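Before we start, here is the structure in question, set down as structure tokens.
Letters A, B, C and D mark the chains as written, and numbering starts fresh at 1 in each.
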Amino acid sequence: MKEAVKIVTIGGGSSYTPELMEGFIKRYEDLPIREIWLVDIEDGKEKVEIVGGLAQRMWDASPYDVKVYTTLDRREALKDADFVTTQFRVGLLDARIKDERIPSLYGMLGQETNGAGGMLKAFRTIPVIGEIIRDMRELCPDAWLINFTNPSGMVTEAAIKHFGWKKTIGLCNVPTIAMMAEPKLAGKDPKDLNYRFAGINHFHWHKVFDENGKDLTPELIEHINEKNGGTPANIYQAEFPMELLRSMNLLPCGYHRYYYVKQTMLDHALEEFREGGTRAEQMKQTEKELFELYKNTELHTKPEQLSKRGGAYYSDAACECIRAIYANQKIHMVVSTQNNGAISCLDDDSIVEVSSIISAAGAQPMAFGKLPPAEKGWLQMMKAMEECTIQAALTGDYGMALEAFVLNPLVENNKDTQRVLDELLVAHEKYLPQFSEKIQELKAAGVHTEDPAVEDLMKHGR
Amino acid sequence: MKEAVKIVTIGGGSSYTPELMEGFIKRYEDLPIREIWLVDIEDGKEKVEIVGGLAQRMWDASPYDVKVYTTLDRREALKDADFVTTQFRVGLLDARIKDERIPSLYGMLGQETNGAGGMLKAFRTIPVIGEIIRDMRELCPDAWLINFTNPSGMVTEAAIKHFGWKKTIGLCNVPTIAMMAEPKLAGKDPKDLNYRFAGINHFHWHKVFDENGKDLTPELIEHINEKNGGTPANIYQAEFPMELLRSMNLLPCGYHRYYYVKQTMLDHALEEFREGGTRAEQMKQTEKELFELYKNTELHTKPEQLSKRGGAYYSDAACECIRAIYANQKIHMVVSTQNNGAISCLDDDSIVEVSSIISAAGAQPMAFGKLPPAEKGWLQMMKAMEECTIQAALTGDYGMALEAFVLNPLVENNKDTQRVLDELLVAHEKYLPQFSEKIQELKAAGVHTEDPAVEDLMKHGR
Amino acid sequence: MKEAVKIVTIGGGSSYTPELMEGFIKRYEDLPIREIWLVDIEDGKEKVEIVGGLAQRMWDASPYDVKVYTTLDRREALKDADFVTTQFRVGLLDARIKDERIPSLYGMLGQETNGAGGMLKAFRTIPVIGEIIRDMRELCPDAWLINFTNPSGMVTEAAIKHFGWKKTIGLCNVPTIAMMAEPKLAGKDPKDLNYRFAGINHFHWHKVFDENGKDLTPELIEHINEKNGGTPANIYQAEFPMELLRSMNLLPCGYHRYYYVKQTMLDHALEEFREGGTRAEQMKQTEKELFELYKNTELHTKPEQLSKRGGAYYSDAACECIRAIYANQKIHMVVSTQNNGAISCLDDDSIVEVSSIISAAGAQPMAFGKLPPAEKGWLQMMKAMEECTIQAALTGDYGMALEAFVLNPLVENNKDTQRVLDELLVAHEKYLPQFSEKIQELKAAGVHTEDPAVEDLMKHGR
Amino acid sequence: MKEAVKIVTIGGGSSYTPELMEGFIKRYEDLPIREIWLVDIEDGKEKVEIVGGLAQRMWDASPYDVKVYTTLDRREALKDADFVTTQFRVGLLDARIKDERIPSLYGMLGQETNGAGGMLKAFRTIPVIGEIIRDMRELCPDAWLINFTNPSGMVTEAAIKHFGWKKTIGLCNVPTIAMMAEPKLAGKDPKDLNYRFAGINHFHWHKVFDENGKDLTPELIEHINEKNGGTPANIYQAEFPMELLRSMNLLPCGYHRYYYVKQTMLDHALEEFREGGTRAEQMKQTEKELFELYKNTELHTKPEQLSKRGGAYYSDAACECIRAIYANQKIHMVVSTQNNGAISCLDDDSIVEVSSIISAAGAQPMAFGKLPPAEKGWLQMMKAMEECTIQAALTGDYGMALEAFVLNPLVENNKDTQRVLDELLVAHEKYLPQFSEKIQELKAAGVHTEDPAVEDLMKHGR
């Protein structure tokens, strides 16, 4: 019998932590846990303590004896960890507000994982993942790193390819949500379906076969614009052009709307922004309400409200993955892992999000074979954009950041492109030490934002 | 001593034919010619006769005894040809008017080689190049096909990869114009410079080294936004972002403006369109004036006016290439030819526009090595777009045409995307037999254009 | 509930058929069968009837009601088949005698799947698999083809890549035997191990990880020269050089001895040949004895003697694979299937033998990632040899056959190389219609064998 | 006008130095030289002084005023060098004697560039090239490194790929000799022919086209077994199988005999060895005679005897290459340079020997396109063997050395394989510091050679 494990969650003060706890409680028989550490930073102290309290109450209400620790000392937590999960957000929601507001003000997409916002999030996050790995190398050299901090694909690529932590797996809820919806749409038992996903995080396609080997993809395409068609709740469901999907005979992910019907998505996002500000601003309110609930010492279950958010099932996917590794279950999951030929038009050492078998030996991707020509072109371009973004995040190379911006289809190429990059760099100065020289230069040249909301955030320290 | 050659020009009625004649006269000592055949179709009969008359007068005024034939019978002309040049335009300038007007009316780029217009031009042209090759296989199986019909890269890819005519070389004036401008900018003798071009037609980059092996690229980048910076006259010179070019350390081609500062180019094009209609409409006027000049039986030289047009030097490049093959000159030219690894991130059988050595054995491309990551992504995406376009042109597959449209960065992805494709297909019905079934369906569904100018053209037979 | 299936076995008169029956009986609950057809040719009529009788008795002794048909009419059998298994041997054992004797007489390896013999077997077999597929396309267009006719990898490559039957899976007993032996050697439960096989048929390597993700490969390497180390019974166990295996940290397959210690294997084979003739001659005797047993109408189980032969577990692997497809079991098997990037240094459309997940959707290979440099070189060379062999088999191109011979490391490159090829072609004339022109030429030039045993076979019609 | 250059020759005491001087004198008008430094080590002091004297006399007899320096101080010589040529031999001819004798005693090929001998030469040479580059980085950071130390391809790969000296070009006389012979065989003017070479050093193929683009390859294949067919004088001309060459339609290099008719070459080499010892022993005698000639202070030209040796034209190729760089000549040469896709089945960063254009910007390889399948397999295997050899040379990894040995087709795989490696390592101990730990272990285990000639060399210090 294997020993019970120590799990460490970086960014433990997240409002999603109760989902994580629920996922572990549900799987305890296969995945015995000896202790859980929720790590956060000074700015997240109050939140981690509140959610840590709820977490402990959830375990106490379960049949299992698990101790939940909260700490601001990452190194103390990492010591002898078996699994480290990352769900932190550098700069908290205030940073996301900037990511979303600044591009929006120039008529560009304000979105936290794709477009300009996602790139800045990568700039802020990748150096921190590097620090975590440096600590892990010293304190828990055999641990698995299960990342679901966004942009999950780029962060995972940095972790594996650049920081050399081969035992990293990246997760996302997008494939999970599709695989929850599709059996219902097709009238099938989930366990009978055979999935073949290929792509990168927030930019993947898949095919589905039934228990007789029949390709269900054409049938499922016809349902894709339906309300329960498998798209995460946080994505506006602009209509996919059906003749496009029928031609490729692949199921796109929800985020493909940002590319295939880009202008429609942009128009909607800008309208939302004008009417109600950014998603991040709304989320801040939602979070506040959630933490009010969490404070209630009578509460010892995950509140219903959490399941309706865009980030639902991220944590569940993490629990599922950890169990599969621990219990050597050899099950199918869609994760971000090293390509190794699974998508043959990308480099072997790229990180891709593909159907994989998860076992004690980690994630082994399944070879997808050739993509159709258009999808191949899309994917190669997007991977190049990721590579440039990661390179800029690692080195603070401004030219490379600009190349990534210009290549990204969700950044408009006009006279403001460089301005948007510049304002974002200045706005996030505190979290971008690698760009500090350039930021000083930009500030000296007078680059600043005129958005009062962002100005306000900057004045108050983030 | 080798025998004098027979040259056949398909689309011989083009207003550019005098440049071609001038080019051959200039090179006659290295490239003796026994006869030249100008071939055109019924609609071009008057033009080919006018320009054929001028052509003959040009030769008569030279020291060389060359007979110029004009004919509407392509097969008669092709018999025993040594070199076949293609400069035809399916549907003449009226087709170009439609290519430019319809996207413009939906706020998209109206441009004949890139964007929606270039794709429709590929749909019309590729089947015709197939017919020409079928005739060549029978009538002049050893002839070289020198293509400068646009979109030159896609037409050349179809000729080599799909129709199997290995002895095809595609030409363009864009590299020529850059290589004419840059020695002046750098204060160098042209013969001292070492060029390394890589990319595809209208989407290539290059590096330049001097007689000491020094990389002149950084220096030339600083001149790129100048009036004489090497951009063809027909491209609006929106400013390239300098930090972008410095980062990549490659000289882009003039057409890269459509991608790197896309919105600026689009805005300018739409403004031009609102003010003065399309380029094609202007060109129609210019052509009319040129043909008036050509009719003058006193004229026996290429009129000055021709050199100032966007298409200048296309013909000269063709003459240069033919001479290099005939005289086994082993010189450097930038041509569209089979990749064979020259750009290692594209397939071996793709057609690319690269620095090549031209000899009696044809074009042998020089291996460029790895592109920087952003440029690799751009190029792979654009090649995929070309592949989808060619596939649709060959098969009439509407879904594939739509995939190509959605992938093309110069086609906006909004609610009108499919409408633009549909209107273009209907407008060009006469020249798109491969799409006829779909076009009938579109027409039955009421698809039509509301542009009076296009409607007028359609009513009058094109 | 799915319907019971019809299974057709080409080469049904094989002495291995009882193992196949046993395998189906054992799995009947998961894989209900409505009828089994054993197909053979005129020369195999007596054998197929004897073994068909035993097969029916085996089913009659089981709890299941399955009818076994024997026929010489392949088309009658194929009608509406669900699974077609191929275990035929073109020219029967007499052909194998020639494959083994002729190279041996020139001091080269006489071996039926590798070396000169295996290549000639490919020449004879590939055209026949093409004919079977032609029939299947017409008579059972949805059937799976489960091939275990040797050389299994090349036959499968021809079926999928050249004859276009995508629903083909190739099987072999070599991985099965290794996976039966290794859990015992490592003291592990078979279900706990994680296997990663990569290579081509009779030329693959693998790694093994335990239930904790620990790499067991180093430990298993130390056992490889042991009697029960996982090598099939028919391969002489010359010692692998341990420092070689430790360096690569991969478990080779038993057949790698023919390459890593080539001379030792050759010396042993030649000694065996001098002492006791060929394996095929011994097998002919064994077969005779087996068929004597099979005739016994009291017998209704697979005789023990069959399990000890080199070909054991081939049939069992076939049954296992068919069950996994039928019951959509998503299990790990090592099969020959289309590469699709699983081994990234080989082409996507090559057939490889790799760890795959078998489900109703067929075999999906798992991406192995980069091979170490030496193994990459070995594998690329061997795949090239296979490609040349298949090409020669399809076209009868003598030069290509010679290129394959010279490239094959098990064919000696000396003054006799071409002679061995020539004699083999002449000796197998009856089964090599694609080479008939060359064979006539060789015969006219006096090419013949001086081996009395082969001469005798040729005189008596094979 | 460019400045006159400083040339440094490492291994300046070589008997081939007079050819190098002759080459520079011949090209002085295009390549003005200010000084030449001949560098050698203590053991070569006498030789470098003798040959330096002759070199100076050769220049003095020319119209040019060039000073030849001889020195044992490499760093002094490298200071401000423009071109560094390398023609040194670690361990001098005595090391070659060991490379040739030890394999021969076990019935394997004793050959200094291919087989076991060439691999050991790589082990000895690669660390030294690393030291030279370390010095160059400091003392002449802009110099070109022109390598013709064997194994030229592997040494060049180490220099470029591992030591990072991009301005390295590797040379060999094999292509030169073929391109000298073939115009005569085809009755053509050399300048009219178009060559396309592809492969790696001592393992390349080529095609030839004439001034009309006609493929002369088939015609030249028919001459290949003739005395003046283009094979270097030092290679025994066993007959190539004509049907093999006709099938591939490529001209092999002379060294391909070691692979295509391996056993014949081995038999001949072993017979030569039994009769007259090794080539190295003969060369030692030849060298002795040459240096006697060189001592003659009346001599001021390259003696005729030098042209007849296997190494002729190496130096001339070096002079030609240096001139082409200096004078920016843009000529075709066949050199070892970075692949960059020229041979698309090898990695971009591999070093290959291919048709290249040599200019001030260095060597730009021409894209060859796909090799036929058998040649692709051969080449990938040989490149893998080189990679393993280089890896072992850099790291002293014994397992990797063994993998390279087993993969090399010219090393027999039998019970002695490891023994041959072990004896060679022990015999070359002095020059293999990277392997010293393993060598101590081997010596402790009693590994030694029983060859009296080698024992004698070892006793006397090399």
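Throughout what follows, a residue touches a chain if its C-beta (ideal position, glycine included) is under 8 Å from a C-beta of that chain, and two chains touch if they have at least 3 such contacts.
Just so we're clear, the structure is a prediction, and the values are computed from it rather than from any experiment.
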item: Centroid-based (C-alpha) most distant chain relative to subunit B; value: C
item: Inter-centroid spacing, subunit D versus subunit C (mean Cα positions, whole Å); value: 44
item: Subunit A and subunit D, separation of their C-alpha mean positions in angstrom; value: 54
item: Whole-Å gap separating subunit B and subunit D, where each centre is the average of the chain's CA atoms; value: 46
item: Where subunit A touches two or more other chains at once, by residue number; value: none
item: Pairwise touch network: line, ring, star, complete, or other; value: ring
item: All pairs of touching chains, each written as two labels joined by a dash; value: A-B, A-C, B-D, C-D
item: Touching residues (chain side subunit C, partner subunit D) in the complex; value: 241, 243-244, 246-248, 259-264, 372-374, 376-378, 380-385, 387-388, 391, 397-400, 402-404, 406-407, 409, 412-415, 417-418
item: Interface residues, subunit A side, partner subunit C - complex; value: 2, 192, 194, 196, 209-213, 325, 328, 330, 332, 338-344, 348, 355, 357, 359-362, 364-370
